[in-house]
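Each of the two complexes below includes chain A, the first together with chain B, the second together with chain C.
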Partner chain A sequence: MILKRYIPIAIVAIFGSLTLSAWFIDNETIETFANDDATQFFDIIAAFAVFLGALNLLKLQFIKFIKKQKGWQYSAISIISFFFAFTIGFFIRGAYFVEDKVFFTEEAALESLITVDISKGQQEPSYKVQENSFKDISDAKNFAIKQNLITPVDWGAHVQKNGSLFQWMFKYIFSPLSATMFALLAFFVASASFRAFRARNFEASLLLLAGIIIMIGRVPAGGLISSWMVMYLIVLVSGLYIHYLKKKNNVTIIFTLAGFILVTIAGMITGWPLDKPSIFYLPLLQEWIYLVPNAAGSTAILMGIGLGIVVTSLRYIFGLEKSYLGE
Partner chain B sequence: MMIRKLENLIIKVGDVDRRVIFVLIGLAVLIPLLTPVSLPIRETPTTVKFYEGIEEIPKGSKVLVSFDYGPSTRPEIHPMNVAVLRHMLRNEHKVYISCLWPDGIYMALDALEDISDEFSLKEYEDYVLLGYRPGAEAVIKGLASDLRKVYTVDANGKFIDDIEMMDNVKNLNDFAYIYSGSAGYPGTFEWVKYGGDPTGVRMSSGTTSVQVNEVIPYVRSGQLIGLLAGMPGAAEYEKLVESPGIAIKGMAAQSFAHIVIVVFIIFGNIAFFLKQKKERKYSK
Partner chain C sequence: MNLDKKYTTYIVGIFLIIVFTILLTMLPSSINFFKEEKSAMFVLTLSVIFIMLYEIRLTKFTDKLPFLRSIPGLKAIEEAVGRSTEMGKPILFVPGIMDMNEVETVAGVVVLGHVANMTAKYETELDVPVARAIVMQAARQVSKEAYLTQGRPELYNEDMVHYITDDQFAYAAAVNGIMQRDEPAACLYMGKFFAESLLFAETGNSIGAIQIAGTGSQTQIPFFVTACDYTLMGEEFFAASAYLSQEADLIAGITAQDLIKVILVIVILFGTVSRALFDLGLVSFDFITLIGI
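And then the complex of A and B:
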C-alpha cells in the first residue's frame, strides 16, 4: 500500500509543488531545478517511454499473430517491419564515406576504391588503390582500410546522416507509406462531406456556409470569384428561400428581379471592382471568419483548456487525481 | 413533369457509390498536377505580417528553425519551410535547426538539400543541424534555459562546444527569431508557451490548414508574428520571397479539389432535401 500508493503520490506532490513554485519564488536553486533538472528528468523518462511503447506494440502484435485474430497478417507485417527498422537502426551503420560519396556497406565502399588493371601481356589482373598496385584483392582492401580511405559514420549519427541506410529506409519506404495514408484523407473527406454535411438546422447551416466560404476563399480559385457574383448568388438563394416560405410565384419573381436590378445598378456605378464590397469577396470574408468569430471562439476554448490544466495539475499535486496509479 | 424527372435524377445521383466520388476527387487533383494551371496568388494579411516579421530581423542574426512535422504533412509544411530557409539565408542569417519530431530531421535534411546549391551552403558556417531530441515541451523548456543540457552533440555527433557557430549561443535568448514549421503536437503551441513567451524572443510559425483556427488567437495577440496557414500560406510566401515552388504549383490542384468538395456538399444537400420532400409527400 505504502509503496504502490503513498510513495508515488508523495513524489508527484513534491516534484509538482517544486516545479510550480519556480514560477512564483525567486530562488536560483528551485529555478535551476525546474528549468534544467526537471526537464532533463522528463527527457530521460521520455526516452525510456519509447522502449516501453515499442515493447507494448510488439506484445500486442505478437498476441494478435499467435492467436490468429482478425487481421493477423497485418500484425505479421508490423513485426517484420519493426525488426527490419530495429536492425538497421541498432546494428548497421549503413553509411561509409569515400570522400563525398556515401555507401551503405563497407564492402561497397572498398570496391569503389579499387580499380582492376588488366594490362597487355599480364596473365592475372592487378588491383589498384590510388597509385598502389596489388596482386590480391584482399591486400588491396586491407591497404584501403589501413590508410583510412573509408570513413564510417559515427554510431548515433548514422540514423540522422544524409545518405545513410536508415535515411534511405525513411525516404523510400516510410515517407511514401505515410504520405499515402494521409493523402487518403482527401477522399474520405470528400465522401463524408457528400453524405454527412447536411444543413439540418440553423447551426448546421451556419457551419456549412462558413465551411464553404473558407474552403473556396482560402484557395486562389476563390480570388477569381467576384464579389458581384456572390451578391447575385445571394439574391438567387434568398429568392428560393422566399419562394419556400411564401409559396407565391409573383413575390419570388419580384423579389429576385428587384435584387438583380439593384446589384446590377450598384455594379455599374462602382465599375464592378473584383473585391468590392469586400464583405462579399470570399478571400476577405474567409480571413474575417478566421480572425474574428473563429479567434474569439478559439480563445475561449484555449482559456477553458488553460483553466482545466490548472485544476488538473492541482488535483495531481494534492493527490486527488490518482488515475496514473491505475485507480 | 420535367422538374419531377430532374428531382428524381438528383435523388438518384445523390445515392451515388462512394467510389465514383473517389475517382472524381482523384481526377480533380491529378489533372491540374499533370497539366499545370496558373492561378493568381493573393497574399493574406497574416502571411504578409509573417514576411515582414522576418524582414525586420537585423541582417546576420541567429535564428532557430524547428522542423516539427513528418512525411504525412510534408506537402503542406515542407514548401513553407524551404521558403523560410531561403528567406533567412538570403538575409544572411545564421540558421540553427532543431526537431521536436523524430521524422523532422529527415525533413530538415531534404530542405537543406533543396537549397544547398543555391546558397552554396556550408555546414557549421551557414547552419547547424542540432537534430531531434525526445521530450516535446521539455526540450523547448530546456532550450530556453540551457541549450547545452539538451544538445551535447549535433546531428552528426559533433560536440556542440567544438562548433564555432555555437560559441555565443547559451539558450533561446541568444536567438533573434524562432520559427516552427509545425503539424501538431509538439509544435506551435509548445513553442509559444515554453519558448517565445517566457524568453520574449519574437517567433512565428507555419502550420497545416486544420491547425489554423486553433493557432490564430496567438496571431491576434501578437505572440506569433504572422502565420503561414497551410499550403495556400506556403504559396503566398513563395510569391513574397519570389521563389515559386511546389506550393504555388499545387494551388491549382488544391483549388479544384476544394471546388469539387464544395460542389459535392451543395449537391448532397439538394439531394437530401429533395429526398426528404419526397418522403414527406408519400408518408401523407
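And then the complex of A and C:
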C-alpha cells in the first residue's frame, strides 16, 4: 500500500511543488533542478524505457509472424526493418573521410587514395599514396592507414553524418516514407473540409462563408475582386434568401432591384474604388476575420486549456487526482 | 453554505494573497528570493489553489455533488463501448504521441482507466497502441487496475497496451494500419496530438467507427471537430476525469476552475476599460502595466 500509493503521491507532490516554485523563486539551485536536472532524470528514465518498448514491439510482431495472424506480412517487414536499423546503428559505422570526401567503406576510401602507376618499361605496376610508391597494394593500404589519411567518423556521430549507411537509410527510406504520410494530410484536409463545409445548418453555413472569404482573400486573384462586386453579390444572395423566406416574387424583385440601385448610386458617387468600402474588400475582410473573430475564439479556448492544465496539475500535486495510479 | 459568505471568503482570501505578494516584493534584497516580475502569476496560482481547496472543503459539508453540466463527448464514451460490444469489434484508444511529462498525456491515461473499466464490464476488446514506452507502462498499470477493480483480471492482457514507435508519422502509419485491418467500432483519441490528428480521424471516419477525441492541442481541435463525432475541447478534456469518476473532490476542482475563469473575465474587462481610459488620458494609471502584463 505504502509503496504503491503513498510513495508515488509523495514523489509527485514534492517534485511538482519544486518545479512550480522554480517559477517564482529566484534561486539558482531550484531553477537548475527544474530546468535541467528534472528533464535529464526524465530523459534517463525514457532511455531505459525504450528497451521495454522495443522488446514489446518485437515480441508482438514475432507472435503475429509465427502464428501467421492477419497482416503477418507487415510484421515480417517490421522485424526485418528493426534488425536492419539496429545493425547499421550499432555495428556498421560507415562514413570514412578522406579530406572532405566521404566513403561508405574503408576499402573505397583506401582505393581513392591509391593511384596505380603503369609507366613504360615497368614490368609490374606500382601503387602511389601521396608521393610514396609501393610495389604491393597491401603495403600502400597499410601506409595510408598508419599515416591516418582516412578519418572514420566517431561512433554515435555516424548516425547523423553523410556517408554512413544509417544516414543513407534515413535520407532515402525513412524521410520519404514520413513525407508520404505527411503528404496524405493534403487529401485528408480536402475530404474533411468537404464534410465540414456542407451547409447543413446556420453554423456550417457560416463556416462555409468564412472559409470561402479566407481562401479567396488570401490568393492574389482575391485582390482583383472589387468590393462593389462583393456588394452586388450580397444583394443577390440576400434577395434569394428573402425569396426563400417570403415566397413572393414581387417582394424579391423590389428588394433586389432597390439593392442594386443603391449600390450603383453609391459606386457612381464614390468613383468605384477597388478597395472601398474596405469591409467588402476580400483581402481586408479575410484579415479581419482571421485577426478578430478567429483570434477571439481561439484565445478563449486557449484560456480554458491553460486553466485546465493548471487545475489538473494542482490536483496531481495535492494528491487529489489518483487515477494515474490506477485508483 | 450561504453564497454570500462563500464569495466574501473568496474576496477576503484573494485580497490577503495580493497583500502577501506585495509584502514579498517589499522584502530587503538580502532575503528576497521572490521574482517580482511574476507577481501576477503568483497571485493567480495562489488564488487557484485557495479556491480549489476551499471548494473541496465545502463539499465535505454537503451530500450533494456540485453541479457539472452534461458533456456529450463523455456521455458518448459508454455508448461507444456499448456499440463495440454489440458489434463484437475492438475499441481503439490512442493516448496521443507525447510522453508522460505532458499533462494532456496524463489526462489521456486517466480517461483510459475509465474506458478500461467499461471494457472490463462489457467484456469488450481494448487496443491501446502507444508512442512512448513510459506511457506504455503507465497505461498498462491503469488498465490492469481497472480490470482488477471490475473483478475481471482474467480478461486483462498486458499486450492490449503495446508500443509502436516514438516517431510521429511512423506511429500514424501503424495506427492507421491497425484501423484498416481490425476495423474497430470505436476510436478514442485522448492526449496531445499534432499533424497526425487528421490522419487518425479521417481514417477512423472512413472505416465508419464512432470517434471521440479529447485534446488540449489548440491547433488540432478544428481537425477533430471536423472529422470526429464528439470532441472534448480543451478544458472539457481536463474535466473528463472528474466527470467520469463523479468524485466530489475532483468536481470541486472544476468549480474552482470556473470561478477563476469568471475572475479572469472580470480582470480582462477591467483591464480593457482601464487601458482605454488611460489611452484617452482620463486616468493616470494603467492597470495592465501595473499587473505586469
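Here is the rule we use: the second predicted complex is superposed on the first by the 242 of 327 C-alpha atoms of A that agree within 3 Å, B and C clash if a C-alpha of one lies under 4 Å from a C-alpha of the other, contacts with A are read in each partner's own complex, and residues count from 1 in each chain.
Just so it is clear, contacts are C-beta pairs under 8 Å (C-beta built on N, C-alpha and C of every residue); 3 or more make two chains touch, one makes a residue touch a chain.
Quick caveat: nothing in here was measured; it's all calculated off a predicted structure.
Residue contacts after overlaying the shared chain place A:Q160 against chain B, while chain C stays out of touching range. Applying the stated contact rule after C-alpha superposition, one finds that A:F91 touches neither chain B nor chain C. Of the two partner chains placed around the shared chain by superposition, chain B and chain C are both touched by A:M181. Of the two partner chains, chain B is the only one touched by A:Y290; chain C is not.
Contact with neither chain B nor chain C is seen for A:F202 once the two complexes are overlaid on the shared chain. After overlaying the two complexes on the shared chain, residue contacts for A:V219 are found with chain B alone; chain C is out of touch. Of the two partner chains placed around the shared chain by superposition, chain C is the only one that A:G71 touches, whereas chain B remains out of contact. Judged by the touch definition given at the top, the superposed model places A:V310 against chain C, while chain B stays out of reach.
Shared interface residues of chain A (contacting chain B in one complex, chain C in the other): 39, 42, 46, 50, 178, 181-182, 189, 191, 193, 195, 298, 301-302. Those residues of chain A whose C-beta lies close enough to touch chain B in the complex are 35-36, 38-40, 42-43, 46-47, 50, 154, 156-157, 160-162, 167, 170-171, 174-176, 178-179, 181-182, 186-187, 189-191, 193-195, 197-199, 208, 211-212, 215-216, 218-224, 283, 287, 290-291, 294-295, 298-299, 301-302.
By the touch criterion stated above, chain A contacts chain C in their complex at residues 20, 23-27, 39, 42, 45-46, 49-54, 56-57, 59-60, 70-71, 74, 177-178, 181-182, 184-185, 188-189, 191-193, 195-196, 298, 301-305, 307-316, 318, 320-321, 323-327.
Chain B makes touch with chain A in their complex at residues 18, 21-22, 24-26, 29, 39-42, 44-46, 70-75, 103, 105-106, 109-110, 113, 129, 131-136, 138-139, 141-142, 144-146, 149-150, 153, 155-157, 209, 212-214, 216-217, 219-220, 229-230, 232, 235, 251-252, 254-262, 264-269, 272. Residue ranges on chain C touching chain A, taken from their complex, read 32-35, 38, 41-42, 45, 48-49, 52-53, 56, 99, 101, 103-104, 106-107, 109-110, 113-114, 132-134, 136-138, 141-142, 144-146, 159, 162-170, 172-173, 177, 181, 195-196, 198-199, 201-202, 216, 218, 221, 223, 225-227, 233-235, 237-239, 241, 245, 249-250, 253-254, 256-257, 260-261, 264.
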